[in-house]
Amino acid sequence: MALTKEQIAQRIAKELKDGFYVNLGIGIPTLVANYIPKGINVVLQSENGLLGMGPFPFEGEEDPDLINAGKQTITTVPGSAFFDSAMSFGMIRAGKVDLTVLGAMEVSEQGDIANWKIPGKMVKGMGGAMDLVASAKNIIVAMMHTNPKGESKLLPGCMLPLTGVNCVKKVVSDLAVLDITPQGFKLLERAPGISVEEIRSKTAGRLLVEGEIPEMKFEV
Amino acid sequence: MALTKEQIAQRIAKELKDGFYVNLGIGIPTLVANYIPKGINVVLQSENGLLGMGPFPFEGEEDPDLINAGKQTITTVPGSAFFDSAMSFGMIRAGKVDLTVLGAMEVSEQGDIANWKIPGKMVKGMGGAMDLVASAKNIIVAMMHTNPKGESKLLPGCMLPLTGVNCVKKVVSDLAVLDITPQGFKLLERAPGISVEEIRSKTAGRLLVEGEIPEMKFEV
Amino acid sequence: MNKVVAGADEAIRDINDGAVLMLGGFGLCGIPENCIASLVKKGVKNLTCISNNAGVDDFGIGLMLQNKQVKKMISSYVGENAEFERQLLSGELEVELIPQGTLATRCMAAGYGMPAIYTPAGAGTEVAIGKETRNFNGKDYLLEYAFDADFAIVKAWKGDTDGNLVFKETARNFNPLMAMAGKITIAEVEELVPAGELDPNLIHTPGIYVHRIFQGVNYEKRIEQRTIRKKL
Amino acid sequence: MNKVVAGADEAIRDINDGAVLMLGGFGLCGIPENCIASLVKKGVKNLTCISNNAGVDDFGIGLMLQNKQVKKMISSYVGENAEFERQLLSGELEVELIPQGTLATRCMAAGYGMPAIYTPAGAGTEVAIGKETRNFNGKDYLLEYAFDADFAIVKAWKGDTDGNLVFKETARNFNPLMAMAGKITIAEVEELVPAGELDPNLIHTPGIYVHRIFQGVNYEKRIEQRTIRKKL
């Protein structure tokens, strides 16, 4: 069974370590915050200018001056700090953010990523995505392995306009966990019940399979 | 009579306009603060990180966390703001400071200035001087017209290592007020009782004298 | 030296057709609502607006778009805005999209007197076309120039009569950066206090950067994405 | 995640011979007195110290100079310090003098992930020798590189257990800039409070930049130039 979006987020959450500063993009990445392992303290950065993002507010407690990078009303946790957008991207560029989780339309076997523009469609802009992918020291992409037509989104080279080159370190898709290596996508884990053959057939880029590939396990 | 240091400061103070943000260097420039014309509001910047510098504290009220760029204990005035040294030099570079007053060892007819280093002597460093001269949009130099040997300090070209090139706009010496122009030092005013001939004889750089040169007047 | 003006109309009095404006805010958070209303009323045209977003159809810069006052938008993300889309597709509106961090840093560069900065954002992508790419320590960076804007219009939480500003929460965003970057900077604040009332240690934008200030009125502070959780 | 250490000895435990250090402060104002004392006690040698000044003979970095622990000083002004002068003239000590704004901005560049910045300071002078000069809009600028320091040691007024810092008055100076710039940043504070006690709107250095923090003791806060005026 392919992973649900919640399970993709759950799997990515296992990459978190105590003391990590983490930037979570819009979509599946946002869900990662719901699965932070117990006993681990993670500080969420929102690139509009906040460290220490908390959960959504209770009804009636929304504060229009307090939003995240997705423009959603949020709260803060104790120890939070506000700053301007230059410092926000400054700390990202300087490698102070330990992990960035982003969605993508395409990822290449070199770690290139495309997630901002589809030629012929209205382009809304890259927002902070280009800064994040070019700057973050550790980027995990959360994505579907294929598009709705069943075509692979893990490619030898991106076909869509690039957001950044050679920057993605790991992909967690609905079918697999893969590292980006000099030899291409290295398969690390399979979704429960998904075969290596299925992953191979749905991965257009080079796929490196070494030894036995374990299935992901999810505690309920 | 050549001007005293106090009179040099007093003359420079006449260049101040209401609303000016001003940076005063160490030495004679510091004295300018004592002669700010009545009815005029001037905000003093100290490049270590303060806008709104006030006078020295009363005895017993010194605060070791509150010093100026000369490391002297100071006070603040209402409306002051503290900031870090990068922002401080940032606002200087961006031309937000209206006037900078500095001392100098030598000034050239092109507006070059030397005030940080004498070959063969222990060099203590340029501090903020190089940033100030390269960045400020309006620089007045307060200086003696000649050195203790009677040699001119207003030269065709500086002989000492430069602090900045082509940056000084005006010189107020103990003998004269001069603008830096493409034609060299343009004599604007004489110290009381000092002749044009004396100024000419003590100015090694090109001196431009047009028409009658008025004497400075000081109200007591 | 009197920086205090009566209101937005006076503050924007000399913003004329063709001006290049910076407008603070992220989404609808921390936008200068009063000045936008006055700009709409004044009907000044052919504006170039540097702002992270373009508002929504009926709020923020969207109001200026509805009124066809904007010639060019320089933004990182233009969001959900039907009129914006219509004008863009019809060729009425010019849009330059630049990465958010680049936008922020180009504002800061202007305020810090740095003519240009290097950032890795966009290196190797179409954003790099026509720009200088330079390698430092094995990584590619683009040379990006400081913005040159006639006016910066920002919204702060508190301000004093000397122009010192303090921002609230994430309504800070681009506001202090743009405040530093305008040839003329206009600040509208929720609460204007006499000079000396703000703690000088805790000022975000020193008054030297601010030329005009006024206490705004009737802030709507519209929320773009109201997200809540249930009480257990 | 525990950033709090017991004191200066623990904070500097892994600073070894040959390390490149940034030390906050301007003159004797806002210097990390506790960490300097521990470095002197530890006797670590061959240090490169990036600090605006070099202390005085018997205080601040002057204590490390007396103890012959410094191989190289990178400063804008080295002030009145007889032992410093002696070591410099005898060739024991290497000194690199750079403009104060350049020093500040090279710290900021490191903290903001900018590999280099352009500044006009020093253009056309001997400071420009060996550096790239580039003209923007008719003015010459020097390309100056971000600092690369192993440790930044700063002194703050208040700090919390998450590493957030607030500075007091002109004791701010280089401290927040260096705090952003160290591979490992150590902050000593006059008052350490639990996370959540500082107003998140009014933090100068967000905790992400700070790796170790402790409440310092016995601050002397020596005044270098005591200037006063008479009561009328």
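Points to keep in mind about this one:
Going in written order, the chains are labelled A, B, C and D, and every chain counts its residues from 1.
The working rule: a contact is a pair of C-beta atoms (placed from the backbone, for glycine too) under 8 Å apart; a residue touches a chain by one contact, two chains touch by 3 or more.
Keep in mind that what you see is a predicted model, and the values were worked out from it rather than measured.
Within the contact network of the assembly, the step distance from chain C to chain D comes to 1. Minimum number of contact steps separating chain A from chain D: 1.
Taking the CA centroid of chain D as reference, the farthest chain centroid is that of A. By count of C-beta pairs in contact, A-C exceeds the other of the chain pairs A-C and B-C. The mean-CA centres of chain B and chain D are about 29 angstrom from one another, to the nearest whole unit. Separation between the centroids of chain B and chain C, computed from CA atoms only, is 36 Å. Separating the CA-averaged centres of chain A and chain B is a span of 56 Å. Listed for chain D are residues 105, 112-114, 119-120, 167-169, 172, 200-201, each touching two or more other chains. Across the assembly, chain B contributes residues 76, 82-83, 86, 89-90, 92-93, 135 that each touch 2 or more other chains.
The touch graph of the protein chains shown belongs to none of the named shapes.
Applying the touch definition to every pair of chains gives A-C, A-D, B-C, B-D, C-D. Partner chain B is touched in their complex by these residues of chain C: 1, 110-114, 160-162, 164, 180, 194-196, 200-201, 203, 206-209. On chain A, the positions that touch chain C within their shared complex are 46-50, 55-59, 61-68, 70-74, 76, 82-86, 88-90, 92-93, 122-131, 134-135, 161-166.
Those residues of chain C whose C-beta lies close enough to touch chain A in the complex are 26-30, 52, 75-79, 85, 88-89, 97-105, 107-108, 119-127, 157, 167-177, 204, 221-231.
Residues 105, 112-120, 136-137, 139, 141, 166-169, 172, 200-202 of chain D touch chain C in their complex.
Residues 18-19, 21, 41, 43, 45, 51-52, 76, 78-83, 86-87, 89-97, 135 of chain B are the ones that touch chain C when the two sit in their complex.
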